[in-house]
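Which chain is which? They are A, B and C, in the order written, and residues in each are numbered from 1.
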Amino acid sequence: MALLSLISRYDWRGWVLPLALLLVWTLSTAFDWVDTRLLASPLAVLSAFSKAALSGELWVDLSASLIRNLNGFALGVLAGLLFGGLLGLSRQAEHWIGPTFHALKQIALFAWIPLLSAWFGFGEPAKVTFIALAVFYPVALNTFEGIRSVRRELYEVAQVLRLSPLQRLRYLVLPSAAPALFTGLHLGLIYAWLATLGAEYFFSAAPGIGNSMIDGREHFHMDQVLYGLMVVGAVGLLLNRLAQSLERRLLRWRDHR
Amino acid sequence: MTAAFLSLQRVHKSFALADGPLPVLQDINLNIRQGEFVSIVGGSGCGKSTLLRLLVGLEEASGGSLLLENEPIRGTDLARGIVFQDHRLYPWLTVEDNVLLALANAPLSKAQRHELVQEHLALVGLSGFAKAWPSQLSGGMSQRVAIARGLVNRPKVLLLDEPFGALDALTRAQLQDELARIWLAEGITTVLVTHDVDEAVLLGDRVVVMEPRPGRIRRVVEVNLPHPRRRDQLELVQLRQDILQDFSHSPNTALA
Amino acid sequence: MSNLPLISWRPLSLRADISRFSAPSLLWVGSKASALVFPALLLVLWQVAVNRHWVSAQILPPPSLVLESLLQLWHSGDLWRELSISLERVLIGFVLGSAAGLLLGIGMGLSRTLEAYVLPSFQAISQVPVLGWIPLLMMLVGIDESLKYLVIAKAVMVPITLNALAGIRNIPKGYLEVAQVYQLGLAQRLRRVILPAALPSLFTGVRFALTKGWIALVTVELLASSEGIGYLMVDGRQMFQLDLVIVGMLVIGVVGLLLDQGLAWVEMRLQRWQRPAF
């Protein structure tokens, strides 16, 4: 009964548009209303997907992208935490390097690509550096702002209780900064995936899901482009969900209101 | 009077403003005996909270001296505990862990710490709430936890900065009685800052009446009545009337 | 205090201890000027490093060369030509995207039914970054101007739609009830109540959208273009003239900042009614 009411309360109207689109898409390709080279049929996309999955090609591409993504993410998080932490904990550091950091932030991420390619070449190091750069900004900025969000009143408690610097970090600064820190990590995760895709477009060819899409376009394999698009969307969604559930778990104390 | 335990001599404090220094405390002289309960009462802007912040070591005096057992007060110290008006519990720590924080650097075993925390939570009537989050507590309960945190490491002096100011009248009365009970049992030297004259006379051995602009001591009133007291005692009511007279003379110093 | 504070607060002017801050204005001027010290030192170090051949000028073109290229591009009119092409693309994409976004956002704001049908699909589509759509769009429309317009329009549309929707959903119920009491028609309700009330949120969306559009432009120009500021960088990279690349980065940063700050200024002027009268 509970399940039934849950189903009946679910708003199915959101599915109408995608299903209608799918129907039009299927019909138009089935009856040759459009050139199937320009618009592959849903079945073709599905078969391209299953072929790639069965031959293992999909897993090679996906794991290559994910490893690249993870390496860049880890590097960017590390650099962002250190830099944002330094800027947040030291007024001096903020004073001297803060303005430069904020100015460099203005440069659109992708505008770094030509310079990075000149410095690091077109291989994995350039790709990972680019992903790390994409992650660095949101993580550094949110770490900085998180640390600065420590409330003066709570800081005074730490003073009165004579907590050591390490204890202050553990009991006051980190928990205070945690929500902003997670926002930074969350944004970093989203940016990392975006940058992984970008890195695979811009730098030289190597296995990767973005690369497979570019390949598909060059060889006019619409089915390959479309399934790539869906995999990209699905991975982005999964990463997003993962970050959300992790965040909820670690910030339990905020839930009891 | 016996030798001063906590002593303030010619204490002066001013803040720097854009258009020059603003004196907030002027020539404060006060000697407090060991085990004494002193209430400091005054309207807003009389510098009473600043005085407490000097005593706890969160602010530095611009002049004069503050001594505890003949040692100058410099910075914060575990010998001087404080309970703020806002409970200031860390929302990410449980009730128990908040109180434990005051013992973070105490030379005690884990078991001893836990025992002390349990003991003090019982003292403030919150035995069953050790694992609760601060956001699950009412204002009065949070303030009890703050009191437990202030007491648990046995400070020589307990400073109370309008600890019940943000509570409703019923909870306030209840906590005042409990504070009196705890103070009688523990005998810790206590300085209470408040704008509530009833509270000041109910709890204090002496009541220091302050006046504003710049903050200074108007007079010190002895409350020679045994503890515990009843709030409807005739002497208390008379004392309260007497002190309120001080504020009614000049309308611009009315109580907040 | 024997215990150094891990973090210290900048003393508020009201609270600052008088003995420590006797000449605040002098200190303030000093602190503003010193913010430039670090970048200045960095530039000097950079220049010296190249002059002394610690690093090759080709890998790290010295600031003097970057400045020279910038001035050269400026005087020859090349910079302005490429920039105006880029700006035109942003403008067209922005107009297209914001028109679609406004229509969709206001439509969904007015009709819960439309929202129920469209919003889930819209969110699914906006989840996939612009970059993911580019190969598909390239196949559908080629790599001409229309690709740039579409990519920019998509980037612009998402924040405008969502902010328009949020702006309308957050209108205090009382305002709408007043309109109901006076039996205002849809056109009147839109003009007198809904649009003015949703304007602040809408404008935030516009400002955010313009920044997004500018970033999308840079991306698409780097990927597929034969003119524009992004192409200037690609060209510089191919000829290994990194001074041109850095000029491009500078221009992109400055234009991005100007667009954002310009809109912030307009926002402030437009919404003066929001501020208290005194």
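Criterion: a contact is a pair of C-beta atoms (placed from the backbone, for glycine too) under 8 Å apart; a residue touches a chain by one contact, two chains touch by 3 or more.
These are the chains along with the protein names UniProt gives them: A, C = Sulfonate transport system permease protein.
None of these values were measured; they are calculated from a predicted model.
K.L.:
Tell me which has more C-beta contacts between its two chains, A-B or A-C.
P.N.:
A-C
K.L.:
From chain C, which chain is the farthest off, judged by mean CA positions?
P.N.:
B
K.L.:
How many angstrom lie between the centres of chain A and chain B, each centre taken as the mean Cα position?
P.N.:
Chain A and chain B have C-alpha centres separated by 51 Å.
K.L.:
Let me have the rounded angstrom distance from the C-alpha centre of chain A over to the C-alpha centre of chain C, please.
P.N.:
Taking the average C-alpha coordinate of chain A and of chain C, the gap between them is 20 Å.
K.L.:
Counting only residues that touch at least 2 other chains, which ones in chain C make the list?
P.N.:
Residues 3.
K.L.:
Would you mind listing the residues of chain A that make contact with two or more other chains?
P.N.:
In chain A, 159, 162, 164 touch at least two other chains.
K.L.:
Could you tell me which residues belong to chain B and also touch two or more other chains?
P.N.:
Answer for chain B, listing residues that touch two or more other chains: 76.
K.L.:
Taking the touch rule as given, give the residues of chain A at its contact with chain C in the complex, in rising order.
P.N.:
Residue positions touching the partner: 11, 13-18, 21, 38, 88-89, 91, 95-100, 103-104, 106-115, 117-119, 147, 150, 152, 155, 159, 162, 164-165, 168-169, 173, 193-194, 197-198, 201-202, 213-214, 216-217, 220, 222, 225-226, 228-229, 232-233, 236-237, 240.
K.L.:
Quick one: which bits of chain A touch chain B in the complex? Just the residue numbers, please.
P.N.:
153-154, 156-157, 159-164, 167, 171-172, 175, 178, 253-254, 256-257
K.L.:
Going by the contact rule set out above, which residues of chain C touch chain A in the complex?
P.N.:
Its residues touching chain A are 3-10, 31, 34-39, 42, 59, 113, 116-121, 124, 127-129, 131-136, 138-140, 214-215, 218-219, 222-223, 230, 233-234, 236-237, 240, 242, 245-246, 248-250, 252-254, 256-257.
K.L.:
Write out the stretch or stretches of chain B touching chain A in their complex.
P.N.:
Answer in residue numbers: 56-58, 76-78, 80-82, 84, 86, 88, 90-93, 101-102, 104-105, 133, 135-136.
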